[in-house]
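A short worksheet on the structure shown next.
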Amino acid sequence: MRYSLYPGCTLKTKAKVFEETALEAAEALGLEMVELEEWQCCGAVYPLAKDEYFPLLSPVRSLAAAGERGEKLVTLCAACHHVFKRANHAIKGDREAREKVTGYLEVDYAGDVEVVHYLEVLKNEVGFDRIREKVKSPLEGKKLAAYYGCLLLRPEKEMHFDDPENPTILEDFIRSLGAEAVQYPYRTDCCGAYLSITEEGLARDTVGKILKSAQRNGVEGLVVACPLCHYNLAKYQESLTDTRGGEGIPVHYFTELLAQALAEGPAEEERT
Amino acid sequence: MNLTEKMRQEAAQILESKEADLVIGWGGGEYYWQSPPLFLEDAAGAAELAFSPFIVNNLAKYLLEELESHEKAALFVKGCDTRGINRLLQDHRIQREAVLLIGVPCAGLADREKLKAAGYDAGLLQVERQGDSFILTLEGEEGAREVPAGEFLLDKCLECRYPNPLVYDRLLGEEVQKPRERDPMARVREVQKKPVDEKYAYWQEKLSRCIRCYACRNVCPACNCRECIFDQNAPRWVGKANQLSEKQNYNIIRSFHIAGRCIDCGECQRACPMDIPLMEINRKIIQDLTELYGEYEAGIDPTDVPPLGTYRAEDPAGFSER
Amino acid sequence: MKVTTDTICSDLLKEVEEYSGEKVASCIQCGKCSGGCPMLEAMDLLPHQVMRLAQLGLKEDIMKSKTLWVCASCFTCAARCQRDLDLSKVMEGFRVIQLRQKGGNTMHPRQLTPEQLKDAPQQAIISGFRKYSK
Amino acid sequence: MKRVGVFVCWCGSNIAATVDIERVIAAARKMPNVVYASDNKYMCSELGQASIRESIEKENITRVVIASCSPRMHENTFRKTVAAAGLNPFYLEIANIREHCSWVHKEGEVGTVKAISLVRTAVAKAARNEPLTPSSLQITKRALVIGAGIAGIQAALDIADSGYQVDLVEKEPSIGGRMAQLDKTFPTLDCSACILTPKMVDVAQHDNITLHTYSVVEKVDGYVGNFTATIRKKSRGIDMEKCTGCGICYEKCPVKVDSEFEAGMAKRRAIYVPFPQAVPNKPVIDRENCRYFTQGKCKVCQKLCPAGAVDYELEDEVLTVEYGAIVVATGFDILDLQAYGEYGYGKHPDVLTSLEFERLVNASGPTGGKILRPSDGKPPRTVAFIQCVGSRDQAKGKAYCSKVCCMYTAKHAILLREKVPGAKPIVFYIDVRTPGKDYEEFYNRATDEYGATYIRGQVGKVYPEGDRLIIRGVDSLSARPVELEVDMVVLAVAVTARADAAGVGRMLGITTNAHQFFNEAHPKLRPVETHSAGIYLAGMCQGPKDIPEAVAQASAAAVKVVGLLNKDSLVGNPTVANVDESMCSGCLECTQVCPYDAIKEKSITERRGRETLTRTVAEVNEGLCQGCGACSVACRPGANNLKGFTNEQILAEVDAVCL
Amino acid sequence: MSVAKEGFEPLIVAFCCNWCSYAGADLAGTGRMPYPANVRIVRVPCSSRVNPSFVIRAFQRGADGVIVAGCHPGDCHYHSGNFFTRRRLSVLRRLLEYMGIEPERFQVRWISGSEGAKFAQVMTDLTADIRALGPNRKLRDAL
């Protein structure tokens, strides 16, 4: 099964490892993911104002491109996934949006391309038990915990990703790699997102609550699917490291762990 | 042994063995295109039966009277005829046990108008079907002429969906293939596209010719009421005057009465002496019923309920439900 | 700011609905949005209070409030609202009223520190500008 | 020749103000068959009716047209007037020249022109009216009550006390319904069992009540006064006569499964009695879990039973019984909390539903009435009660308010303080609703005397932290964030209609609303009746309500039933369909469109010349037919005609209205 | 659209079901909600009592517009009456349009017993539509 891959701009620069490990793992699992020839930034946020159609132009252009290929569009970064799924939903449900956007782009797109997250491909099309079989160096004895954030789960009516209050997909993923999946209450709380640019103090407190809650539940590593969550969680580790002898909790992209588990030989030195 | 002999042998055997006390079939007529119905009560008459490419009329409705004076009747039935039988069964007008059905696979019947148009009418003595061609024996010519059957079939046979009988006790000959598929709804879509006034003018011209001879009603297996509203005086549903609105009332209401019950056999249009395209009205209703309430073909399964006799809570409406 | 017949009869609700598509009038002040909001401590007006002030037409108090600019658009409130309202859209509605005025932008490139430019993923910077400038 | 009399009413000024009465009368006199026309200021008054009677006799009038207000108003009044004058009441036709004319067409003579047209139409119809006499239906003097919760019990008792036989059918092994699961009841805090058990015993001992427990009503046919119900008495595996209720069997049964009655908080055996005060106090074998029925082994209960009452071969018993009236009291369920992950229900043992908490508090409950945390069995120090979980929630739950939670939560707060001294009840609410006698005072006791703290703010999230539970919310009045550490969380879950309500509705021919509660005939004026005559409603199955209302409804339904059964016969509806057998060709399409299955196939034999012929025709059961007329349109030849709205009459009306 | 001739007042026949739309009309009356007098109501027990022959008869006798008004699907006093109305009159409406009758002339609407305002509004709009269409010459013999 061939997929059109939409990496997103952050994965080409600050989060290169996210895309590389994703492609590496895809190969190991026999998934053919081919990057779209031409794509632009997805806009990072979905326009919430009713009359803002301009931000939909870029995602719809990419969706139409995937449409020509007749393939599903796979995204990795949670923000891109959020924007694409909601843009698709708008094109399908809102006649005015569809007329304005496709009219401007002069492209005939009706919202029929299926947007799937890399994790959804692993779960629905590969299957976590098949992944468990393909794992060569399982992450034994590691207590890992998922950090979902907001953009993948909410709003449920448009994302249809998992139960927004009680998700399980990342925990199942972690267990399929042989690690122990730990739960902590703040796993679906917001990391502050762009506030770390404008309101650093608030972002630090928010991330602090998340990290302390994780630490209280014995979490040894956080698994994320969004470069901004990764940045925030990594940047504000001092709420843990300030206390004497406290060390922070490493943050990994889920693809890093996947690639590592699928690779041969002793567990290589973890990539940051 | 060709079908004519098979039919004759079958009829004779039925009547001798008293399996039925009446056999209804098609006979030969004075002209090549005639196939008048035969009502045989003794084996000798079986010799007059004739299978020709013109056995078009649907014999089913004769059962309504004949079964009142006969214990059991045998009937030769083509594919479209059996939909008529199913219609009468569904309307409880005949009992299945009172009828012995002898199925006749039919690969399509000849259209005299098309033969005439090709200059084969005068002096044409006989037309026989052989494989995919018609064999024409002409007066004063030794060898018979062979012509491709496809070009001379009746329109309704080109659109036929059930060449083989759907219900029978015995089958004469092997089942046949459906002729080329032609979209029966093509004409309806054409008429439907016209603007409103143009449509009115189209039907005004057609229906004004109606002389209310009721041939269409008499041949139609779906029109099997004991007493038809168009014959009633109290109440006077439709006036007797030779006026357009009465003719429109008759044709619209008759089509509505067979909505979801018309078996699309085309007999009404064939029987109409004034060449009114009645099937274009009935097929419009068939199309609308299928579009609105799902695929339905009348006369296929006598146990199911016609679309206007049932409903689903989430049915769409042909009008705004605001 | 006092509640007066002018504020109550003002068309603030209509204006917000134009931008957000949300019927703010149907909010029953149950407080569940504020209950689950991660940015609660930094807000002078809690989300349900913003809705209440909108219902009462107190536009200035809302536009003065810091709340609009600490909302992280994380959709927790929208996911749990029992009246099926999407508060993240209402917040964006108020932000847009401010941002679309001349000089309304609340974030400027010169504010970015060198570390932020070096480390922060583009996603952070772009979403920041998307929310705080037009 | 029909002699039609036209009587035009002024209705004071309601009609006369905009309709020229004189012109209408003048026009009426010229209409076909009209022999007399007159007017009166108030046709429906004693004087008005008298003038009609006199004119009928004096002018030898055989058909009457009254131009007045809507027939929905005075059709019956004027039918009685016409009957009093010796004419068949159905010779009357009413022209609605008030609601449909004078009140809505006030400009110029438009009202008068229309009034004349409406009178002409009524005259055209009246000239074709046939004499109709309503059939009379006999009534089976027996009632059926479906569901034996407090509503069903009360209805059955009231009907039985009036001297009629009642069959009370309950699908659970014991009667008592939801109320049996409760500990105390608001606003008086008297113990639920103390006020319910005596009524349950009365039901068991009442000689007019036949109790069918562990039974379901499978099919109901017929119509008011003549219902036929099929009841399946599911086999208990116990011979009820022999069993003495000694209880040895359910002590020794090896199987332990979750008890539905205890809301899963305690176990029960495969052979069990749901609760100590059960009526009948005899066990039932749960075939899904019993070792004998699942693996063919064990048979401990049969061996130990001193009375030899256990008999695995006992079959279901199916009864078919005739009834005159039916009361539906099937009760309610509570909302499945699957969509409410934010409250952590199902993920932490100390997050309970209000029903589970009720079982904890109940003396015969899993903890003998002591409030203990299911996680560690310790009494909780602080308990949070969260209101409106699933109620008043258009997004994920039910849009309506469940009406009873505010009151039972105040009760829970009080019981908590009584049973666990020093414990702190904290209630998160949106609005506290106390709409009843002594309700507000009861709520005030919870806050004033028992120190319950009420925080106005729907909780955002509940999550475990160590062995305690953290609640994140906000006090919307003070706009302060709230973060509590509590030992137990109780969710006031929304009530919902029974899952099978739509099915039961279809079986009985009554409709349900968008939330599957049964539709009453009129929300204010006929709350316990339905649109199907003879079928009545009581209790929560008609919508959220508390016990006092349920009992009041039960007694109301009972009096409706008794009122019906007191009659010797019922006047049927005369405007029913009838089939002209000579025209009917037996296609039976009319039977397919009849909502009441009132038309059946009939074979008739007739002579045709020398032969006799049998053929099929349709036959209308005048008792079942309600006169909708769908069949008369399905009948293409018009053999099936609707009395009172015949094809002739309506065609005549159309002709007249178009003149 | 043909310009309505001055002074042309359409005749509209309304078949109203006794339990819903007729009660709706009564409510419009008690509420004094005016609507054009062109509408003449014929009472039937249920909208499923309206035979297509009645509709065509009305046009024949001079009606410029015909409307059948019944209960909302699911609310029918006779449970399933209006479900059959919906199927029958949907087929009839498309058939009439096919035979050249302007669809605006034959309407079917659901109006409950509590929708007096809707009844008045529907009848007002319908009269305006038909007045704009002008007198009906179709299905009617020249008088």
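Order of writing sets the chain letters: A, B, C, D and E. Residues in each chain are counted from 1.
Convention: a residue touches a chain if its C-beta (ideal position, glycine included) is under 8 Å from a C-beta of that chain, and two chains touch if they have at least 3 such contacts.
Quick caveat: nothing in here was measured; it's all calculated off a predicted structure.
Q: Which chains does chain A share as contact partners with chain C?
A: D
Q: Provide the labels of all chains in contact with chain C and in contact with chain D.
A: Joint contacts, listed by label: A.
Q: Steps needed, at minimum, to get from chain C to chain E via touching chains?
A: The distance in steps between these two chains is 2.
Q: Taking every chain's C-alpha mean, which one sits closest to the mean of all protein C-alpha atoms?
A: If one averages C-alpha positions chain by chain, the most central is D.
Q: Higher C-beta contact count, B-D or A-D?
A: When the contacts at B-D and A-D are counted, B-D has more.
Q: So how far apart, in whole Å, are chain A and chain D when each is placed at the average of its C-alpha atoms?
A: Between these chains, centre-to-centre, one finds 51 Å.
Q: Using mean CA coordinates as chain centres, what's the gap between chain B and chain C in Å?
A: Whole-Å distance between the two chain centres: 72.
Q: Nearest whole angstrom, what separates the Cα centre of chain D from the Cα centre of chain E?
A: 34
Q: Which integer distance in Å separates the CA centroid of chain B from that of chain E?
A: Averaging C-alpha atoms per chain gives centres 37 Å apart.
Q: Could you pull out the residues of chain B that touch at least 2 other chains?
A: In chain B, residues 229, 237, 308 touch at least two other chains, as defined above.
Q: For chain C, what residues touch not just one other chain but two or more?
A: In chain C, 41, 76 touch at least two other chains.
Q: Mark out which residues of chain D touch at least two other chains, giving numbers and ranges.
A: Within chain D, the residues that touch at least two other chains are 342, 461, 593, 634, 647, 651.
Q: Would you please name all pairs of chains that touch?
A: So, checking each combination of chains, I get A-C, A-D, B-D, B-E, C-D, D-E as the touching pairs.
Q: Residues of chain D touching chain B in their complex?
A: Result: residues 582-589, 592-593, 601, 608, 611, 613, 616, 634, 636-639, 647-648, 651-652 of chain D touch chain B.
Q: In the complex, go through chain E and note every residue touching chain D.
A: Residues 11, 13, 18, 22-23, 25-26, 28-30, 32-37, 40-46, 48-54, 57-58, 61-63, 74-75, 77-81, 84, 88, 120.
Q: Across the complex, what residues on chain B touch chain D?
A: 68-69, 90-93, 224-229, 232, 234-237, 257, 305-306, 308-310
Q: Within the complex, which stretch of chain C touches chain A?
A: Residue list for chain C touching chain A: 18-21, 38-39, 41-42, 69-70, 72-76, 78-79, 86, 88-89, 91-93, 96, 107, 111-112, 116, 119-128, 130-132.
Q: If you look only at chain A, which of its residues touch chain C in the complex?
A: Of all residues in chain A, those touching chain C are 8-10, 13-15, 41, 43-45, 48-52, 55, 77, 79, 149-150, 153-156, 164-165, 189-190, 192-199, 202, 205-206, 209, 226-228, 230-231, 235.
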